[in-house]
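Naming follows writing order (A, B, C, D and E), and every chain is counted from residue 1.
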Amino acid sequence: SISQAAAEEKTDFKVCWSIYVGWMPWGYLEDSGIMDKWAEKYGIDVEIVQINDYVESINQYTAGEYDGCSMTNMDALSIPAGGGVDTTALIVGDYSNGNDAIILKDKSDLAEIEGQNVNLVELSVSHYLLARALESVDLSERDVTVVNTSDADMIAAYATDDVTAVVTWNPLVSEILTQSNANKVFDSAGIPGEIIDIMMVNTETLADNPAFGKALAGAWYEVMELMASGDEEALTAMAEASGTDLAGYKSQLDSTEMFYAPADAVAFTESGDLPKTMQFVAEFLFDKGILGEGAPSPEFVGVSFPDGSVYGDEANVKLRFDTTYMTMAADGAL
Amino acid sequence: MRLINRKPSRITAFALGAAPFVAVIVAYAVASHYRRLDNPADKLLPSLPDMASAFGRMAFTPDRRSGDLLLWMDTLDSLERLAAGMGISILLALSLGILIGFIPHVRASMAPFVATFSLIPPITVLPILFIIFGLGELSKVMLIVVGTAPVMIRSVAQAVMELPRELIIKAETLGASVWQMMMRVVLPQILPKLITAIRLGLVPAWIFLISAEAIASTSGLGYRIFLVRRYLAMDVILPYVIWITLLAFILDRLLLLASRKAFPWHHMQGESL
Amino acid sequence: MRLINRKPSRITAFALGAAPFVAVIVAYAVASHYRRLDNPADKLLPSLPDMASAFGRMAFTPDRRSGDLLLWMDTLDSLERLAAGMGISILLALSLGILIGFIPHVRASMAPFVATFSLIPPITVLPILFIIFGLGELSKVMLIVVGTAPVMIRSVAQAVMELPRELIIKAETLGASVWQMMMRVVLPQILPKLITAIRLGLVPAWIFLISAEAIASTSGLGYRIFLVRRYLAMDVILPYVIWITLLAFILDRLLLLASRKAFPWHHMQGESL
Amino acid sequence: MSAQPKVSVQNVAKIYAGTVVLERLDLDIAAGSLCTIVGASGCGKSTFLRMLLSQETPSRGRILIDGEPLPTEPTPDRGIVFQRYSVFPHLTVEENLILSAEFDAAPFSGKLRGAARTKAREEIAETLDRIGLSPARDRYPAQLSGGMQQRLAIAQALLKKPKILLLDEPFGALDPGIRADMQELLLELWRELSMTIFMVTHDIHEAFKLGTRVLVFDKIRHDPDAPDRWGATITYDLPLGRPGAQTIPDAKALFALKNTTRGDAPNA
Amino acid sequence: MSAQPKVSVQNVAKIYAGTVVLERLDLDIAAGSLCTIVGASGCGKSTFLRMLLSQETPSRGRILIDGEPLPTEPTPDRGIVFQRYSVFPHLTVEENLILSAEFDAAPFSGKLRGAARTKAREEIAETLDRIGLSPARDRYPAQLSGGMQQRLAIAQALLKKPKILLLDEPFGALDPGIRADMQELLLELWRELSMTIFMVTHDIHEAFKLGTRVLVFDKIRHDPDAPDRWGATITYDLPLGRPGAQTIPDAKALFALKNTTRGDAPNA
């Protein structure tokens, strides 16, 4: 159907996610019945759908086929918000703390990247990471050649002689690092809190249906508790769903700063660093021409924060960081 | 005696036919061996025993999480999608193909559109397909349809147009209506050509199936390959590819056999590759 | 008068042929209009003027970053890859196809292998292609080759086998060697069929080209589509798809024309769809 | 003959994209004639039959049957047998023969089942015997020899009891022994069913042996600068009466005469 | 004839996968004979020619030419003209005719250029005139009538000056006028080049009109339980001397005799 998910009171909701270390709980929620339990509690029905292709999942959400979707702060700004779909960050799940990395073949210093071909998924967080890393060594994107490479092909690509530098994320990073000639020269731990993985939902839908937000948050933080307690069964299920084993999954978690406790997520979202991060992101996107042809400046799309402040155009706020539901979880109010 | 007049004996022919397969396997084994000498943990070209054991695991060890035998579950799911997609394509090919080939007005109206449509690379319009058909089973099936139906429609229409005009005229003089001609003269004579079209269409159908499963699915042969590709688990991927090829081969032979059985009159007129 | 005996006039035929295209455009415009009523910034179904302006921008406004006219650069790069890939496929189809079709020993040895090979979905063995051909232009070109050559080889071989045996015998009685027969009897008679095979092969070739450009590249029509897909820029994607379809259509017609010009003797025997 | 002619061809011409193929055809054929047609290859014999069958329309003039204009498309009152492709390759001998009964009886499916089918099969049993194909009733045409196929084609056309039967080189692909048998069969059936038959043949002997009337088609006018300007017409129209023991004129002599004036007006 | 026969067929049989097609063929053909071959469709006439051409090998027996065993594959000393597909559709008339010269002169490219090509074209100019195709020299076969194509095919075969010419129903597709012309042409060339000709035809008249010797192929033994058990052989072998004014025996009578004993031993 072409029509957008109508913003009105309703009982059936659909949320999509794609395979990534910080989002595996969404799959577990659905499989384990925890989601159903919480949805029932609020008298609604929530379907959680796995979409393998990350970009396709965001596109589907943007097109109105889903009420929520897991994505990064950067993609939320560029795709749904940039496409006029008012979007709210419902659950800030984690930030990448080493999960995204720049890897050089046979070289161990970031500055040596100069002049090389760098394989990465163009316009993704990898691209952003590269831009931020280059800044840190006084280089710019003009000093390298970016080669758009699909994430699915990244490991095989690294195995070829043509490829000398890659920027990618886990589990691909750890796979590549098993090769003796691979050196991690920069990772997202160098820009902590800038690559954030969030469950984004449609603002209108959420406003009309608070039960939707409560059910998702309740279910999510139940699983977070399981994970924090090291529940083997849950972790193994997530590991296998992502195609690896428990040890592999745990090593991916090590480089992910999960907000197991809702209070931590609230604190992170309310901190003063977030607006700065979003400004970096918006400038990066504007520089790449992603915010749309009509965008006269990085401030074209407004981003609002929990304290009510807004970055960018106040008349065109399309991305909202909102801690309401996380706070409810933290307060045990769900 | 000239080479073209020399025919290999059955045994020679068999040996010659097997040779390239053996050569590929040997080349692989050697390449794999040397890569593993370099790096014993090499994942790109796993050893043959590794692949066999990975395949055995997928086929005979129940998955710990779901308790399923993954290979069979994947195969079943993929074949279902393939069957659904090809089923729809076949219906379209038969109905539209016969109408286009048989009725000049329909031909004038649909032939240019179908021809143009067949030139659109379906993967470029994936987002649109997913929006129109959702992300469920339907969109996977429809990707197969969009990728295979136009060409199949064209070959059926072409086959209808190639029916000797004499037969149509004869049917008219025997008092047949247009509908009767379609059912009794055109359709049955087209069926063997349809099977040929299906056999040709299955090649892209598999490709589109795998592409669709890689984008939105939680099971299927394409999904599995996509999933383990992030870990470069070639010990699973390669056996899966061989398995897919084998399935495709068996399907192809079954169709040929079915055609021979069902349309003996068609196969009395000489064979092909 | 029965429907099958009624032929549309030229004007009717044109109107009928245009109708589905017009219908699609109108349906799109309506759907797009209603979506944009909902959300004026909707990216999924941009308005026709938006698409036109995006296309104009790609074609005539130098890129801010590189200063290139992106559309033409992409088109050129893609066509180069397509030409290289199809070029290799054509050479393979001609050489292997003629050998397989003409020389029984080669047929016994290669036909089963080529048939099996043609069933492997190439995207599943990408990692192997990378190892063998690297990640540069070569691997993109080779993906096209792997995707198109087997089928083309088979159709050329089939065409060789379908040459009337009488002509080969006649050539033998005129004292031709095997090589001479290949050059003067088989090859020239196969060329028109080769063009048909190329026209058929171009459909998957475009698909593989676009898939290949999604793997690792910095330009090309497929690259651009995948890149802007990251922000759902359908206002660029849709005109690019139409552009690709148009290019494919023009190529197809040029090949048909070339065949008519170069092989008049072939086209004296009746036409097709 | 004072009765209304069965077929009346009035000043008919056929022009394909500027090429005049046939012109000035004027002809009345009495009911029950067996009209054989000979002429050089490409002179328009098949075109003439196609017009009689309503597969083509005359560019000029008109054709009447029983005084009525021809229908605009092939109808069951005119049967046809071609040189090739005359039987349905996907049906067995028996299925080929019951097909027209099926068309009549089952407007939707075009297929008879059960008792109705058994009955239809019984009805054609005699015909099968008559054409000597009873033992081959379950074979497909590809399993029949050329002569058997043509017998089947003729039987198939005749079962519909057409008033007019058109034969386009029906025996051209057969060898002499079988050909002679087929000629006998045709004459027998013609006498029995009192049809009007038009038969194109390449074989002058055959034309004179079978026909009650022989039509020779040829171009009589040539314009060396514009070879497409003039078409063929009927240069000889020879009424022979009963077919059988005519003396056969020499073929070459007949064709050599073509540049003389046209034969007698054919309103026999 | 006491001289060594040109072609000697000794107790030859041909069996296809259990089906006996031909058997007990015994035959000596003198140099310069024009041997016509008739017989029912499918009785093995083409198979016999194919064996003479080394396209097939006899299942039993042997064939000698000038006392030597046949080569194992077609060679330029034996020319062939088929009913169809006898000329190369992708070459013009002239190109078809110079092709064999090109094969001789250019082992690698098989193609002559420049002066050599001009010379080759001059050499065939007379032949072109002779077969009346000079005005059509640049046309493709598809632009020629059936008779023109067959003239071209014969000329193409004859330019190679074969000792033996095999013709498989060469005039079957032509109409009577053109056919008669072609027969004249063939006889002329045969007299001129003193070849040995084998010609299969469906037309008994033609067989008797042209042949110095007529071979009739037929099955003389039938096993109703195993129709594949016995093959056809030569039931009549009629030496006629000079071709021309023979009386033509009645075709049906000839075939009706087939169940009597075999004709005289054919070691003429």
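As a convention for this text, a contact is a pair of C-beta atoms (placed from the backbone, for glycine too) under 8 Å apart; a residue touches a chain by one contact, two chains touch by 3 or more.
Bear in mind that the values here come from a model prediction, so they are computed numbers and not experimental data.
Listing every chain that touches chain A and chain B alike gives C.
The greatest centre-to-centre distance from chain E, using averaged C-alpha positions, is reached by A. Between C-D and C-E, more C-beta contact pairs join the chains of C-E. Centre-to-centre separation of chain B and chain C, using mean CA positions: 19 Å.
Distance between chain D and chain E, defined via averaged C-alpha coordinates, is recorded as 34 Å. Centroids of chain A and chain E (each the mean of its C-alpha atoms) stand 82 Å apart. Taking the mean of the C-alpha atoms as each chain's centre, chain A and chain C sit 38 Å apart.
The residues of chain D that reach two or more other chains are 73, listed in rising order. The multi-chain contact residues of chain C, meaning those touching 2 or more other chains, are 2, 44, 127, 131, 172, 177, 229, 232. Looking at chain A, residues 2, 59, 63, 155-156, 159 sit in touch with two or more other chains. Annotation, chain-chain contacts: A-B, A-C, B-C, B-D, B-E, C-D, C-E, D-E (touch as defined at the top).
On chain B, the positions that touch chain A within their shared complex are 39, 41, 44, 63-65, 126-127, 130-132, 134-135, 214-218, 223, 226-233. Chain B makes touch with chain E in their complex at residues 1-2, 5. For chain A in complex with chain C, the touching residues are 2-4, 55, 58-59, 62-63, 78-79, 82-85, 119, 121-124, 145-150, 153, 155-157, 159-163, 289-290, 292-293. Those residues of chain E that touch chain D in the shared complex are 40-42, 145-146, 174-178, 180, 202-204, 251-252, 255. Remark: chain D residues 72-73 touch chain C in the complex.
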